[in-house]
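Multiple structures follow.
Across the two complexes that follow, subunit A remains constant while its partner is subunit B and subsequently subunit C.
Right, the complex of A and B next:
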């Protein structure tokens, strides 16, 4: 893939001078960057650089003390993780965070939960939600109507379940995990678990997909598969992807734009080629000889 | 070889999403329902008519075993939704059952409250005034009890957002003690009787006497009609079967997926857009709804009259928790298996120990039976949990997998 050929849309997420402190420890200091639509965006850095904290900030898990986040053109207020999910941000975890008691299919179907509003709630959102007073009065009734349909698994609800099953099956087909559809995810090997986790995130049809070390602990073949999926997701669905990865080969190959963090500060930013040649980045990864050390030895 | 999916293909997602993956399971369930609804009542009736069984034995079977089993199954279903599916440990089950029982009682007597005034002689006169017309439909009472308990459950479920695991168990223990205290101290709940006992008034369903007795004139003579054990049994059975179906539907649909997501990995669940508080509270509400119905059924059908602090003490909470753990957390079938295990094994031991002693010429009196019952029962629980920590439902699952191949080695 030649980077010059790729075109990106507008800015999807803009992070401005974010500072995140835990007590006296500064996890992130004054970091700014922009993720543009349809981009594959990589955040790299040595261990403890604040990469995962950055994703947690974007997710709404952590609330930065300073700085602003602009998402889809609107400055974002302090939000909870589930609210971030409602705005179209999906995420996978460094250590697999699947629902271990459920099958692959159920895990992917759980990813569809936000899309599955019942018929009464859909009516509410289309017709009633904007009316003053009436919206508060009708909300419980509408919610309860859906709840009853759900508990009877009947009529409109069953249709909905089938429609979303179809969407889930498309994700399953895309990731080629048809054969493990009914297997409890706890029994799957690590590589497949990572893939199911990606499937669960994809089922949300996100606008921004955050991948926290998607290739960690994989062998070469699994890594290549996963790279292919990441590129395909970006290509076919036009999903913007922000990923953290330690495998430099992968990062340099698939990403369009790289941000390098070290000790919570941004030390470099640019296309993979630019970052690769940056002396600060090389120093951060390989260490740098300090002058006083040189004098002593 | 007979118990496998060979030749069963599903061509639509709707069919593939059905409750049963195997046709054999479906027929099995219909078979069980057929036995419970038709074979048992008709069979027992014929046995009594044919003189093969005493009428009192039949009534004992219904009133002391089947009804208790059904009430416990309903309670276990409720707790399994909360603990097994949503992962929130609760030790307040009995208290929630109690709320159901007292709600049923209050609504069956018209929500009485007391007004007191001094009469001309200066003596205090008390009078009970009903707020609402008394409800005499047992099913309606059970449903109302469920709704009221759901509200109480939501209130006591509020700490679950901040507290997890064992700490939540302790918080629900507070519900247990507080509510049981209310059952013996808040006079309004038991209509101000000095013994703090509640007794269900006569109820009828479709003209059939369900509780109490009714005296009618027949051929110029007063005849007292007592409730038939079959009536109670069939009403309870219908309620349990219907709500087990509802529970199954919930846990296999989006509600159940949200619960299980919270149970398995609450951080990931939030990132998918599941609201933790709303989801947990819904689990508390539904669970309490079931427990409340179980309590109301216990009062209306099983006991008839009870003392709240006695009938719904902490032992009952633990007993339901054991049912769920032994039956299998996160399994509807498991709730029934667990309820059957905990309910039937003690009864079985009570019946079989004296007989066993008789075989060896050892006299076994009631006290010995009671001690042995606890010992054997405790040992059985430990053995089961070591053999299969995931409960009877898992054993059943393993059995089914074996049956797939039987009688061939593979």
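Right, the complex of A and C next:
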């Protein structure tokens, strides 16, 4: 499976002293770490440790009150979601967030939206918004040029559509989901939906892929498949992967570097072997009686 | 130069119909077409590449994988060099693979992907002769650093270089090939013992392909779906033999899971499938109709009833009244046409089935909606064709008349069927004893099947000759005949019957989880697993009714009336090829099952109503586990006045 010695590139993403508050609640306190290119990076921790919040900070969904995020050598106080997406950060969600009524292929194609221009993009936007195509008429400024070009079967837009479709098909081939290409994703079993979601993220050709509990709720066979795909993505495309996972077996098997969060603080960091042996980590997972807790109660 | 080998036929096709499609593959969601001239160029490049990698005339080359143009090309490229391709079943586990590769002394293997390479690497530890491995799909192969593993693209690049340095090499090698040369080794799955390597010559394959092309008027305009295992003789004769002789196009599906979608997209004009596939398709049609809206369902049942009445007659051009014809035409418009389209059979001109008996209901269903479905009887040793049903002489329970150029006879004592033709194999590789046992000096081949020729001159197969036994009450016991009758019921997936040398016949049955599961859902029978469903008394009741129906049928035939099934049990697991219970072509391995389930079988002949059964099972990844259950045993009612003569 994995080679004993893996080499990584430069730092792709660095977070420094991030603190995130919701009102009076501190979700993340003073957390720093760095993710290097081609790494499989895992964030673990007990429930409520702030793992998903951390991912949301990275892709700009949450805005931390303190700290900096340096992505591709570009430091900023906070990310914006569209910036994150445009600069090559893709993600999947803990609860599958697909367009349930659309087919697998269309879902994967939406991953190409940012790379599209002109009518192909509007077509998928319309599809997402359930808008009839007649809404083209509401774009009077673009009407003349685009609508005419678009209404022709041949032309530059056909080329563009074909190129995006090819990229989407390559993802479908890679994830071995050809047989469900035309199936509405709402009808698929959970494990396959997760795979389609990964497909949509891959269609963006991301540099950094954030996976929020990719194996949650899967049976053993589905987990093994998913592990295989995560490793293959990393191997074939050189994509850097940051994942959150509860299944310790999975984390220890596939990740290169692990950060452990507990109550919003980083309590340990290192290779899986180092983290596994760390007493703080063991305490966090198994629970330990705190003296001050005893006094208070 | 007469085209007496496949590489020569390829040359002829590239010359005469160069731009026409030769093979298609669905890749990235699109059917990619390769013409005959492109195919020839690819084959030539691969042949050069193989030669550059040291492949010599007479070397054996294993071909492992799903149906892919690259693998078909590798077969013909090997043949062009005078090497012998040995296709193996792509789903066989490493140990099965090892036997074949060792026996055939394979030195070179072309495989589809990483999965197959992993198996071959495992095999290689015990097969020192296997020197070079080639893969087509580079996915996941990055970290394999062994210097004897190459991608097919590397082989092709080496081929380009080799061609530049050796002009005329390919043509000269092809010209050296002769019709009497060995074309291919095909290993039969073998219901008993180890597989045997059937040696077929170009003469065998091409003569049978030519005969069938002429007989069935197959043209270069056909489209077929190449989806059956490449190691099976049928695929060799249909996808290479007939395709090269007639010049039509074979289409490789995208993956095994997309077979039905691909079938619909291609709409073959000529389709072959074993009965099991037709059964599965029909089952899925019925299941989906049960879930359809009421109007659709009523329309379907109304017109299907009409098709049952007149459909077959119309197909056979018999006299049918104008009113019925009109109603059938309406049915075609509303039901049969759309149904055929959904199944991918609207263009189909001929449908063949073989390998097992097909249920009369299934057979009539397809024929009644206007598909010209016919049965044939064949063997690997015969290069497929022994008998075939002529148009308008089609029956559900026969396998047809001898093909032109094939002689068929039945041994009067043993009832064994024998045949002789140009397609008869050369020998079993390195197995002179079996060759002599199977093939007589004057070319007759023992099929091992018992049968007889009926009053229409059609051959009827009842069972394996060695399996036909006698019950203690003196009546003939043909286990497969009973099993086939049982399997025609939708709830029964596999059945094994016992009775030779016993007092009565008994059956061990594994249920069809899809059909029974659907039934359970509609009848509010809750279950969590196959095992639990198979143990439900309500399911036992349903199966008992099926068995009593079979008993009633048997009672009508004086020779078989004594072989009615008195007791049965439902297995807690499906019979599975991975556990060695079935062959890869899903035939029951009787001897193995007798040993494996001996306590269950004893209980079928005892008086207890329940037995504990424990068997070892193999999972897909090769790990083993134990599957145990208490299995109930039930009596079934016998029909007819002749009660069983209980011995003692």
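What we mean here is this: the second predicted complex is superposed on the first by the 245 of 297 C-alpha atoms of A that agree within 3 Å, B and C clash if a C-alpha of one lies under 4 Å from a C-alpha of the other, contacts with A are read in each partner's own complex, and residues count from 1 in each chain.
Heads up, the rule we're going with is that a residue touches a chain if its C-beta (ideal position, glycine included) is under 8 Å from a C-beta of that chain, and two chains touch if they have at least 3 such contacts.
Remember, it's a predicted structure, so these values are computed and weren't measured experimentally.
Contacts of A:166 after superposition on the shared chain: both subunit B and subunit C are touched.
Contacts of A:282 after superposition on the shared chain: neither subunit B nor subunit C is touched. Of the two partner chains placed by the overlay, only subunit C lies in contact with A:176; subunit B stays clear of it.
Within the superposed three-chain model, A:100 lies in touch with subunit B and out of touch with subunit C [touch as defined at top]. By the touch criterion defined above, A:252 reaches neither subunit B nor subunit C. In the superposition on chain A, A:91 makes contact with subunit B only, not with subunit C.
In the overlay built on the shared chain, the residue A:235 is in contact with subunit C alone; subunit B does not reach it. Taking subunit A as the reference, the larger set of touched residues comes from B, when subunit B and subunit C are compared. Once the two complexes are overlaid on chain A, the subunit A residues touched by subunit B in the first and by subunit C in the second are 165-166, 169.
Within the complex formed with subunit B, the subunit A residues making contact are 59, 61, 80-82, 84-86, 90-91, 93, 97-102, 106, 109-111, 113-114, 116, 147, 150-153, 157-158, 161-162, 165-166, 169, 200, 204. Against subunit A, the residues of subunit B that register as touching in their complex are 12-14, 16-17, 246, 249-250, 252-255, 257-258, 260-261, 263-265, 267-276, 330. Across the complex, subunit A is touched by residues 27-30, 139-140, 142-143, 254-255, 257-258, 261 of subunit C. On the subunit A side of its complex with subunit C, the touching residues are 3, 105, 165-166, 169-170, 172-174, 176, 178-179, 181-182, 232, 235-236.
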